[in-house]
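Across the two complexes that follow, chain A remains constant while its partner is chain B and subsequently chain C.
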Partner chain A sequence: MNDYGAVSASVETVPVANSSDVVTARQMVRTLAQRTGLSLVHQTKLVTAASELGRNMLIHGGGGVVRATTVADGGRSGIFVEFQDQGPGIPDIELALTDGWTSGNGMGLGLSGAKRLVDEFEIESGSGGTTVRIVKWGR
Partner chain B sequence: MTDRVPVLKIGEILLVSIQVDLEDQMVLDLQEDLSNQIVATGAKGVVIDISALEIVDSFVGRMLATNASISRVLGAETIVVGMRPAVAMTLVELGLSLKGVRTALNLERGLKLLRRLSASRG
Partner chain C sequence: MTTEGNTQLLVETLVAQRDDFLAQWTSTVGEDLQGRLSKAELGHELSELYEAILGALTASGLDGRGEHFAETRSLLIELSRNRARRGFTSTETARSVFALKEVLEPSLAGDEQGAQAYLQFARLLDDLGLLTTEAYIRTREEIISSQAEQLLELATPVVKLWDGVVGVPLVGTLDSARTQVVMEKLLQTLVDTNSTHAIIDITGVPTVDTQVAQHLLKTVVAARMMGAQCTISGIRPQIAQTIVALGIEFGDIPTNASLSDALRQALKEVALDADDDVRGLL
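For the complex of A and B:
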């Protein structure tokens, strides 16, 4: 994923250790998306993706940190969000991205659905944890 | 302890109006409260108003679907009302079909639909 001139001084950070932190994280993402002028539909898609990835980070990764910032590329601006945990990692990312595949008792839609809802999506995962990065562009 | 979403009884109908950004535990509590209240009150219908909800993710979506099935088994029909257009578009892209969940545009139409359903059931 490109580095899109994110200004590190303006990165918002929310540590996620319980389910109320997931709410805080998605509200932070929404506020940023509103301020950046994303359309309502784009905001809704981004915040829904953030909710899925934040919950995954908590349930499968044991919690972690959500970081978000406004990014710009040429004339357009968007929101970059990173979800980082130090959990067990995802052994088979391709499998995890399959609609309906879950290692637990979920619906297996979180990861694959979140990917569809954003414009850019990247996963790095290993025994040291998982990092998911997404970007949603304004129109 | 997290807050609980209130379940109101109006005649034979249970009304739930979700007004806050739901934490997962509140979603689970609501599902349990609704099942218990259907049995305790003998309600024939449940209306869940989600017009204030800015997002419906897989967790909330699953609750809506599960609740529809449970309430049907318990003899009550559930109608989900007031879904925002942006939420509907997002749900479809997320891959949630909400199969088995009856919906109506708003509270008024939801209540009308419930009356029609219970009339046809006799």
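For the complex of A and C:
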């Protein structure tokens, strides 16, 4: 993923420790997306992706931190969101990104679906935890 | 100068200037609360507290955690609960205790023994102030959790739209707890109203992710097992696109953009069913 300079110096941070924090994180991302002027469809896609990734982080990583900020590249602006946990990590990322594969009792579409909902998607995972970074551009 | 000596000095001062101290304390706290609590009520509260502190000091000294302070603690907890319920801030609540320090300071801080006694008494009041904050927060948490429960009940109505058709307008976030409430209520209403059609309207649900979709699907399957036709309405354009991108399949579950479309469809089916029933009888 390219290193986009943050437009606003402020990075919004929401710690996620329970399922109501996922809602808080989601609302934070929605507010940011609205302020940046993303269309309703893009807003909804980004917020849904944030919801999936936030919940994944909670269920599989035991909670973590969501950071979001506005980014710019050329004439376009977008939202960058990072999900970081200190969980056990994902043993097989390729498998985890397969539609319908689930380690719990979900639908198995969270991670792969989130990837399809955003424009850029990056995942890093090891024994020290998992970090997912996404960018959604406004058009 | 022993701790006993300090305690004795404190007790003497507190007894000798009881009326002065109480009046000052009441007026300091009263200013803080800006008349949101009646002077008589505040005066009564604080004089009770004053006597309790004085009694405990006389009996056992400055150990705020000791059993002689039990009455003081229960008075403070009661005071904090009241303040929390009536919308005062935790700072205002704790200040009710800390204000006594300001009142005592001029009378004690003059000489060395007085200053020492004052410091020890201040430490005791710090402990008691912290106790009010703790009790205040506990009360607020109780209020919040009872409100959350009420909200859960309020936010999930199941309404009869027509003979044989019930509707569930969902608003807000759909988590496991709410899904459970919705499902129970829907299934019970289906039985109670003898309905054959149910419409779940998600116009008020801002985010439909895989968890929400899974909960919706489960509810529909449960309703179907009871012989009811279940439709999901209120799928807005952005939600439809998101669901498709996520890869969620609703299978053969009928969905509609608006509640009115879903209702029209359900009414048609109810009428058809009635026709069939009539023919069956003939």
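Everything below uses one rule, namely that the second predicted complex is superposed on the first by the 137 of 139 C-alpha atoms of A that agree within 3 Å, B and C clash if a C-alpha of one lies under 4 Å from a C-alpha of the other, contacts with A are read in each partner's own complex, and residues count from 1 in each chain.
One rule holds for everything that comes next: contacts are C-beta pairs under 8 Å (C-beta built on N, C-alpha and C of every residue); 3 or more make two chains touch, one makes a residue touch a chain.
All values reported here derive from a predicted model rather than from experimental measurement.
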| item | value |
| --- | --- |
| Fit or clash - chain C, chain B, common chain A | clash |
| Touched partner set for A:S112, first chain B, second chain C, both or neither | both |
| First (chain B), second (chain C), both or neither touched by A:Q86 | neither |
| Touched partner set for A:K45, first chain B, second chain C, both or neither | both |
| Touched partner set for A:V23, first chain B, second chain C, both or neither | both |
| First (chain B), second (chain C), both or neither touched by A:D99 | both |
| Residues on chain A lying within both footprints (that of chain B and that of chain C) | 19, 23, 26, 30, 40-41, 43-45, 47-48, 51-52, 55, 99, 106-107, 109-110, 112-114, 116-117 |
| Interfacial residue positions of chain C with respect to chain A in the complex | 173, 175, 206-211, 213-214, 237-239, 241-242, 245-248 |
| Footprint of chain C on chain A - complex, ascending | 19, 23, 26, 30, 40-41, 43-45, 47-48, 51-52, 55, 99, 106-107, 109-110, 112-114, 116-117 |
| Residues on chain B engaged by chain A in the complex (per definition of touch) | 2, 21-25, 54-59, 62, 84-87, 89-90, 93-96 |
| Interfacial residue positions of chain A with respect to chain B in the complex | 19-20, 22-23, 26-27, 30, 40-41, 43-45, 47-48, 51-52, 55, 99, 106-107, 109-110, 112-114, 116-117 |
